[in-house]
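Look for chain A in each of the two complexes below; its partner is chain B in the first and chain C in the second.
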Partner chain A sequence: MSAERAPGLLAGDSLNLRLARRSLGLIVLCLVLLPFADLAITTHDPWAELGRMLSGLVHPDILATESLPHAIALTIGFALWGTLLGVVLGFPLALLFSRSRLLRGGCAFVRAIHELFWALLLLQVFGLSAVTAIAALTIPYAGIFAKVYAEILELTPRAPVDALPEGVSRLSRFVYAELPMVWSRLSGYTRYRFECAMRSSVLLGFVGLPTLGFHLESAFREGRYSEAGALLWMFYLMIASLHLWGHRRLLPWIALGSLFLLGPWPDIDGALLWRFVSVDLWPKPLLEGNWNELWQWFGDIPDLLPAIGNTLLLGLMGTVGSLVVALLLWPLASRHFGNRPTRTAGKGVLILMRSTPELMLAFIFLLMLGPSMLPAWLALSLHNGALIAFLVARHADAIVPGNHALPASARYAYELLPRLYGGLLALLFYRAETIIRETALLGMLGIATLGFHIDSSFAYMMFDQAFVLLLITAALNIGVDALARRYRPREIANTPGHRDHPTGEAAC
Partner chain B sequence: MSVEELVRFDGEALGHARHTVLADLTLRLRAGQRVALLGPSGVGKSTLLAGLRQRLGHRAAWCPQEHGLVPPLSVYHNVYMGRLERHSAFANLMNLIRPRRDAWHDIQALCAELGLERLLKRPVAQLSGGQRQRVAIARALYQAREVFLGDEPVASIDPHQARRLLQMVQHRHATCVIALHQRELALTHFDRVWGLRDGQLILDAPARELTLEDLDTLYPDAHSSDVPPEPA
Partner chain C sequence: MRWLVACLLILVSTAATAETFRFTAIPDEDQSRLEERFDKVARYLEDQLGVAVEYVPVKSYSAAVSAFRNDQVQLAWFGGLTGVQARRLVPDSRAIAQGKEDAEFRTYFIANHDSDVDTQGDDLPKNVQGKAFTFGAKTSTSGRLMPEYYIRKQFGAPPKSLFSRVGFSGDHTRTIALIEAGTYDIGAVNFKVWDAAVADGRVDTDKVDVIWKTPTYPDYQWTVRGDVDDRYGDGFTDKVRQALLDMHDPELLESFPRQGFIPADNDDYQPIEDVGEKLGLLR
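Right, the complex of A and B next:
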């Protein structure tokens, strides 16, 4: 008699086992590399600092900020015009997207550079003006809209076009038989992107543009936590009430009205602009065609390789952290666990964490823990983990468990997780591109990733160095995206990611 | 008397890019013929109609099933699409914002005849299945062409109304080819019946020479024992 031997640890060929091995591999890789990361806590008493911040949140002082309405109006104005112009530029590009490899590459490039880096770059030419703010949103958004709109348009049902009489012009065909079929998806995505723009617009304050983030940053930095608390609540309120004031008929009026607040517009000196684009941004040896010196020039960039290494390492740590956080937190917001009060609280926490941008979270942790990779890691893991957990919980709620009598742990491990894990992992891999983008950005807070060097290069007016670092960041981002795309689980037909973000890689 | 021959297939194969649906097809369509096209679903009726449509080009009005409609647009705009090629792109664009007066009057009159009055401004998405089919017919009638090609235009419409709609179509088109699955209508309202089965045209005869039993042979389910099951 030959009994079949019980399989070894995680041995087997089922989809979930393969996914489990893949994620464990990722976690092990992260653990092996963890000793290289600087995770020191350098502040004296982090808990006391946290206590002060929380007490600021509990006792917000709404009147402490001067010109708060103006900051709010600017935040909305920048977001609105940034999105609007992004649509105006991105839509025509979407129509050409599938035809031009050059265009696809260009869009991938502008997408790969974070809004704030664009702001830093544009700041050098347009100063602290609305042009900088709006263009910093418009440029990457045009690339995103081009890609996402193109993907949506590609899925246009063919039947109405086939039913048309012969000889209908291209434009008539498009506006009658194609555009109406995908209109609701296009506008739905645009609305979602506007929400992202609101968050980015707040963040623009971190480079000095007078949005809500500017006041938020200074209040936090100077320890005025009641004011910071009030501003944070204001920010959440603005995002949460978007569906109230972000009405289709109201937005054009808000856009027009905000025009009066956006000035004064900068004087643009064409010659100076041209000099900046054609000379200042490029390494001098490159312009002179001197290749030997170019190598030396590269060698002179301080800590280039460690910065790249740190960016990748933090990206990996952020991805793994998000995975762990998502696995732990999704039951908080799912109907299969706990009772009504715990679920409401759990949902609240998840929504709060996912609506707070990584940069803001990292900034708060930084004040608590001091400058190391730890605050950035926490911020990346909590923000992205909460975002994924929330979507997974919604997916879980659609599942009807077969056996109601199981204890919670068995329900988690046997009934639900096996059905959710593929989707969860797909979402995580979608997020990987966003995570690496944010990782570079977090350098602006003083963490030794690429963003730190970009920020300081700009500060020392070394535009050529800053620009090359931006190019390296973009290349890294595109590379990680390609890698994540390769290892993303494909076998799951209906992942929550597909439903919630038609194109998860472009999520904000 | 010589009757104009509109389309002629001589042992031709019709199908999609790599898949032949109808092999070795031979038939003629003459001006003034009212043809009912019968056969089980999936047999190639749509392929044959598409082939006819291609040959006839601008002479044919085309009435596909309701999935040819654009649900978010109004009934008016969906019907208007029947003449989209006769106006400039700019005129079409303006018409989306403000309906053309002349087109509105024509379409209003047409829709009244089809029982769609007062629905002109309503998005097709909000209509019932029967109403949508009538919109599809309205669009084909609005094209005002010589030949009417319909792919089951009266499929989900009650028999009484189906008769009325067929009469309306035939009143405006001397020649028509209409795919149906109501066999009775094929005998009462058409001159000729084409029957498809297993990728072949196995019936091409005047309607008055046919009986319902003749038509039953087209459908494998009609007889239980003597007909081999259709290959999957």
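Right, the complex of A and C next:
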């Protein structure tokens, strides 16, 4: 993309040209690396299974489900308490966030490990209990809240503080002149996080905690599709009706009520806990101080480098795929295109795609296409692309178009996209970290990312190996996040005045 | 603030529960109505043992082992390999009973017809090489350990270098579904699950067929923690064993699914332990 060879096309220093160069760079990188990805289509006869699946979705059988109310209550209880404790831990940390590098590093680390992996780790100590579930949400959420709250607090307008007389204590200043200015943003973000927690809480069922996901995954895995259909609809309904029951006056009562269902609380065996933390998690050669053997130990981790390569590659492919999907799909839900019925349908499709757990999408594609990286790529692209498209459409609706005579394609290309593209890219880059977290997760389906080997290590009870792989995963995520932050279009991402928090809404 | 205090009080009050005897079972196949079915088993054990008995559902093989290790369950219906894992993690725990079928368990290798693999012979057909292959769960004895052992024994090579792809379906029912869909050409399944699927018509035998049956090996067993005699009274382990051996109600046995239970001990599973170590799944 040198300026000499293509004068006028991509050269220049204007914002959108820089954004275009960045996007094209990303796409070219992805295309160059694509041959290294395993994208074969191998299935020959998926239609019978897919037919059964579809008929299950169309004819859900609520009576086939078991202990559904209990599972729903637990899903909500875990999400609520996980978020609540995350706030309790995260808010004080946010106040210290900008002062301590160590704290920022710690928060980045706990954020970088997916809730499901936290759950797998905690499961070994607290067993299948509410402690595991709530802590698996609370730990990463505390890190997230610390960061996002700190960013929101940074945006506090200075004027009210400046207007205070001298000698007002630090606390009064904070409570009366700073907090009220950002309160709506803080509570808006917290509320949004709670929605994320609902999704995560369902996911926790996939590793065995008794939420809706527990039953959903079993039914789906074993081909009881009408039961799976009923559970999936129930899940959509729960997310869609959140604004009805998620009222701030109601939530404390729900939180209290759910406490009665969360037990029995585990007796924590101190000796076991200590052994787990001090011995099980660490490679034996390391504890013995034997460096040669430690090297050998690392060599024994199967396919470590390919797994790292696959994780990064799938992350890149997922990011580029999401970009393409978002570009194609956002007009579906925007007031500038189509008519009321098409918009409602478009919105529905986008919400459905972003609400469906990626693992489930990936499994459907796995049946259709075979066990390569392709199903995971499609699942990541569709899920994340739909999520970004939905937000972009909302931003687009705030734009008042100038020339109504333009045809739709011209309105898209010349009028709206240039104004939206920066925001879209900012969302995408913000999302990149989440995408790479999710690639690790898709490993649980058998795609050879780091997550696959983490899952295996837990299955073989080799916790030291699992722990080291988790550390590598976290390091990768932090690296990708740093890279994305560096190339994220700052001009747009940091504009205050976006609803709630600039890009925080793309975070789960 | 006031309701936070209330919460804490509630937490403390629910933490104190009476000692209940809990058990679990690895989720190897059909889990529909799982709780309903196993609650019946719990009621039966309650009558026989004279203590409160509760069934704890688990999602994965490793979750079953973790629950056993963490003392969340004191008794578990494990597979061969998961049982060995659990007994290594919990000293003094013992295998007490196995299913009548488990002394001579088998794995079936199944193939999609379109994959053109030769049908049954004395060995695994030669032309499975280069096909796509799936195991079941990663620590399943019949879906992973023993099939891998026999593959290596016959071909002298690990599955990864033998097949074009090696997957882990996660459970036997899904293995059958994936082979039927042609996602993989060949798979290894628990023979009981296959027989049940054929009997119920859940699999289309025009599309999928058995291509090889492994020799027999020991598999599922009941394992109990070593400290139960101290906690639930002298001779409790023997009582549990007797209750299992006396279980004759077909409705209860169907959950496992077994014709009945026979005594077993840790030594019966030495062959599984040896193979597990050889394949690097135990260390």
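Convention: the second predicted complex is superposed on the first by the 458 of 508 C-alpha atoms of A that agree within 3 Å, B and C clash if a C-alpha of one lies under 4 Å from a C-alpha of the other, contacts with A are read in each partner's own complex, and residues count from 1 in each chain.
Just so we're on the same page, contacts are C-beta pairs under 8 Å (C-beta built on N, C-alpha and C of every residue); 3 or more make two chains touch, one makes a residue touch a chain.
In this text, all values refer to a predicted model and were calculated from it rather than measured experimentally.
Asker: In the overlaid three-chain picture, which partner chain does A:184 touch, first (chain B) or second (chain C), both, or neither?
Answerer: first
Asker: Touch check for A:479: first (chain B), second (chain C), both, or neither?
Answerer: neither
Asker: Which of the two, chain B or chain C, is in touch with more residues of chain A?
Answerer: Partner touching more chain A residues in the overlay: C.
Asker: Is A:159 in contact with chain B, with chain C, with both, or with neither (first, second, both, neither)?
Answerer: In the superposed model, A:159 contacts chain B only, not chain C.
Asker: For A:176, select first, second, both or neither according to whether it touches chain B, chain C, the two together, or no partner.
Answerer: The first partner, chain B, only.
Asker: In the superposed arrangement, does A:167 touch chain B (first), chain C (second), both or neither?
Answerer: first
Asker: Once the two structures are fitted together, what part of chain A is touched by chain B and by chain C alike?
Answerer: Shared contact residues on chain A (touching chain B in one complex, chain C in the other): none at all.
Asker: Which chain C residues qualify as touching chain A in the complex?
Answerer: Spelled out, the residues of chain C in touch with chain A are 3, 6-7, 10-11, 14-15, 17, 27, 29-36, 56-63, 65-67, 69-72, 85, 89, 112, 114, 132, 134, 137-139, 165, 167-171, 173-174, 177-178, 180-184, 202, 204, 207, 281-283.
Asker: Chain C touches which residues of chain A in the complex?
Answerer: Going by the criterion above, the answer is residues 42-46, 48-49, 64, 66-67, 123-129, 205-208, 210, 214, 217-219, 221-224, 227, 252, 255-256, 259-260, 263-267, 269, 272, 366-367, 370-371, 446, 455-456, 458-462.
Asker: In the complex formed with chain A, which residues of chain B make contact?
Answerer: These residues of chain B touch chain A: 57-58, 62, 64, 67-73, 77, 81-85, 87-89, 92-93, 96, 139, 143.
Asker: Can you tell me which positions in chain A touch chain B when the two form their complex?
Answerer: 157, 159-160, 162-173, 175-177, 180-181, 183-184
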